[in-house]
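First chain A sits with chain B, and in the next complex the same chain sits with chain C.
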Partner chain A sequence: MNDMASVLDWVLVLLGEVLVSIGVFFDVVAAIGMLRFPNFFVRLHAATIGAIGGAFVPLIGVALIAAGCDFLGPYRWFISGAAAITAILVLMLAPVGSHLLAKAAHESRAAVVEPKVVDFLEEDRVRGETR
Partner chain B sequence: MNLLLYYVLMALCSLGSVIAVVFAIIERDLLKAVLFSAIQSTLYAFLYYLLMAPDIVLTYIPVSVGLYPAVILFLIKKTERFENVETKRSVLLSSLVLTITFVIVSAAVIAGRGIGPIPTPDVRFLAAWYLGTTFNPSIQLVSAMAPEGVTSIVWDYRGLDTVFETAVLFLAIIASVALMRGIEHKGVYDELKHGMSLIGKTVTKIVVPLIIGVGISIALHGHLTPGGGFQGGSALAVAPLLVLVIFSKYFFDKVGFTKGKALAIRSSGLLGVGLTSFAIVIAALFARSGAYILQNQPRVGAPIGFPWKGIDGVLLGGSLLSFNACEAMAVCAGFVILFLLLAIPEEYVRKVLAQGGEHEH
Partner chain C sequence: MELMSLESEVTMFITIVIPIFLAAFIMYMVRALKGPTIPDIVLAIDCLSYDLAAFLALLSIYFRSPVLIPCAIVLALWIYALDVYVAKYLSKKEMGE
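Right after this comes the complex of A and B.
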């Protein structure tokens, strides 16, 4: 029974470490994107990669690692729960934040869409179909 | 070695905050100046953390990184974004010279032991006293009987200080209410016209209850874990601020939450703080025994105290729980009043002022 529990702990810690590693990868990708992408809207896309892949995923990993750390005693559930709740909040708030930023930047024309392949929102606005 | 690391980190934080302040002063784009000011606040929060004051960090971050820049941004929105006064080179130079002189002089004073011996990291007598008496059932006559040391000091050992600090904050809010008296601005909320996009509104509807839950738990758990009334109240105030920004001010008119109602909540919170301060005195009047103002636990010659233990040994924290709950109500409602006042359009205020006299109610 005790052996089973420690095997489960190991699996949790390993899974968590894999998730944290994935997070590191996404953070590097997001940083490169922030530096190399040409305009505001694509850079915002890179920032969202950093928020979801680089914050949500590793936070879930931290929750799993904490849940597998037996030496923390009952406090592991505090750390694990806090990390999971933070992850869920990031998952909900990061997309909305970037959506509102993109919408505001597009409507106020603070950011130029250049280079541009297609801009349906602009076409809608020209036709008067947006509010 | 470890201590040296602390001092180096603290010195770096202080230096960084000075640089941020200089940038905040010379920056002509006020939005960027607010950002620099927020950087300075973040560094200060880290300094407080290094000084081992986690509860101050908890208050400092929402207030100085969240609320304070938000208020300033509101103000910038109403006035102008760019300063048209060029910061003179002489002003900049003299302020730099002043800052550097101040740093050198204070370093010299500290190096010359001008402020007395530098404290050792060992537990000193005062700290040992607080640690030994904050929660100690074996010496109940001098103990605060609540496990959170900082909240105990704030509301029990140094309770009178906190009451007067609260009074200062609420005098400021009363002053702003008095300044804006007679200026009532109402509008009809239109789902399509006001506020941000549907996505933003929907997620705000999900997040606001979460923020309220966190705020209440910080306030009501303040006698057990870091937190307390002021910290919980500031966290709670973020929820109405979000609604104000995402849904617009007119949404408050639609749900019928007016400045008057916020004032009523604030006043009942303050009344609760006052009643808790005098509760033991009033009880002692009936029991014909001695009592102190702001008394929490029984003391020598004053045998009545708040209950500190509930059913099944749950820790109630005596008067601290009541103080925290009332203070959170008052702080949250006070901030909401300020937000509602700041959300009134400037043209409208000008119009009312130009008419002279006060509006009929």
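Right after this comes the complex of A and C.
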């Protein structure tokens, strides 16, 4: 019985560590992209990698690690649940925030739309068909 | 063969992961400090804070202190509020009430 619980703890911790490793990899990739990409609308791509791959995935991993760490005492369920809630909040809020920022930047012409073939939104705005 | 205990394995893993997170934070900070336009700065701060939330969750296991976890939830919510306010200001030139 005790052995069984210990094996389950090890499985949870190793699964969580794999997820955290994937998340750290995405985090570094997104940071390099953020540094090297040429302008705002291209950097948006790196930003969403950093938010979902670099924050959502390691938070799920932390929830699994904390659920397996019996040295944390009764607080391990608190850490695990709160990390899962943070992960779900990031999953919902990060894409909405990026989209709002991109829409506002396009609308106020704060950033140039550089690698573009056609920009129908801008043409509509010039003709006055958007509000 | 002597197996490593669960506690020391988790501590060692987090000790290896922390410097990689710090390197990513430094790269985001460089972009946030020299970003040419306002949306660039806000986007870099945005990513930095979501990753900081994940980092805080790791630190709360590392230091065995559950008080760090509510900070991560509050951080994720506030940085969304920053996005909404900056987007509103950029497109309408007012903060909204």
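Simple rule for what comes next: the second predicted complex is superposed on the first by the 116 of 131 C-alpha atoms of A that agree within 3 Å, B and C clash if a C-alpha of one lies under 4 Å from a C-alpha of the other, contacts with A are read in each partner's own complex, and residues count from 1 in each chain.
Keep in mind that, in the parts below, a residue touches a chain if its C-beta (ideal position, glycine included) is under 8 Å from a C-beta of that chain, and two chains touch if they have at least 3 such contacts.
For clarity, every value in this text was computed on a predicted model and none was experimentally measured.
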item	value
Which superposed partner A:Ala111 touches (first chain B, second chain C, both, neither)	second
Per-residue touch tally on chain A - higher for chain B or for chain C	C
Touching partner for A:Ala67 - first (chain B), second (chain C), both, neither	neither
Contacts of A:Leu93 with chain B and chain C, given as first, second, both or neither	both
Partner chain(s) touched by A:Tyr75 [first = chain B, second = chain C, both, neither]	second
Which superposed partner A:Arg43 touches (first chain B, second chain C, both, neither)	second
Which superposed partner A:Val20 touches (first chain B, second chain C, both, neither)	second
Chain B and chain C footprints on chain A, overlapping residues	89, 93, 96, 100, 103
Partner chain A, residues of chain B touching it in the complex	192, 196-197, 199-200, 203, 206-207, 210
Residues of chain A defined as touching chain C within the complex	6, 9-10, 13, 17, 20-21, 23-24, 27-28, 30-32, 34-35, 40, 43-44, 46-47, 50-51, 54-55, 58-59, 62, 65-66, 68-72, 75, 78-79, 82-83, 85-86, 89-90, 93-94, 96-98, 100-105, 107-108, 110-111
Chain C - residues contacting chain A, complex	6-7, 9-10, 13, 17, 20-21, 23-25, 27-28, 30-31, 37-40, 42-44, 46-47, 50-51, 53-54, 57-58, 60-61, 64, 66, 69-70, 72-73, 76-77, 79-80, 83-84, 86-88, 90-91
Touching residues on chain A, where the partner in the complex is chain B	89, 92-93, 96, 99-100, 103, 131
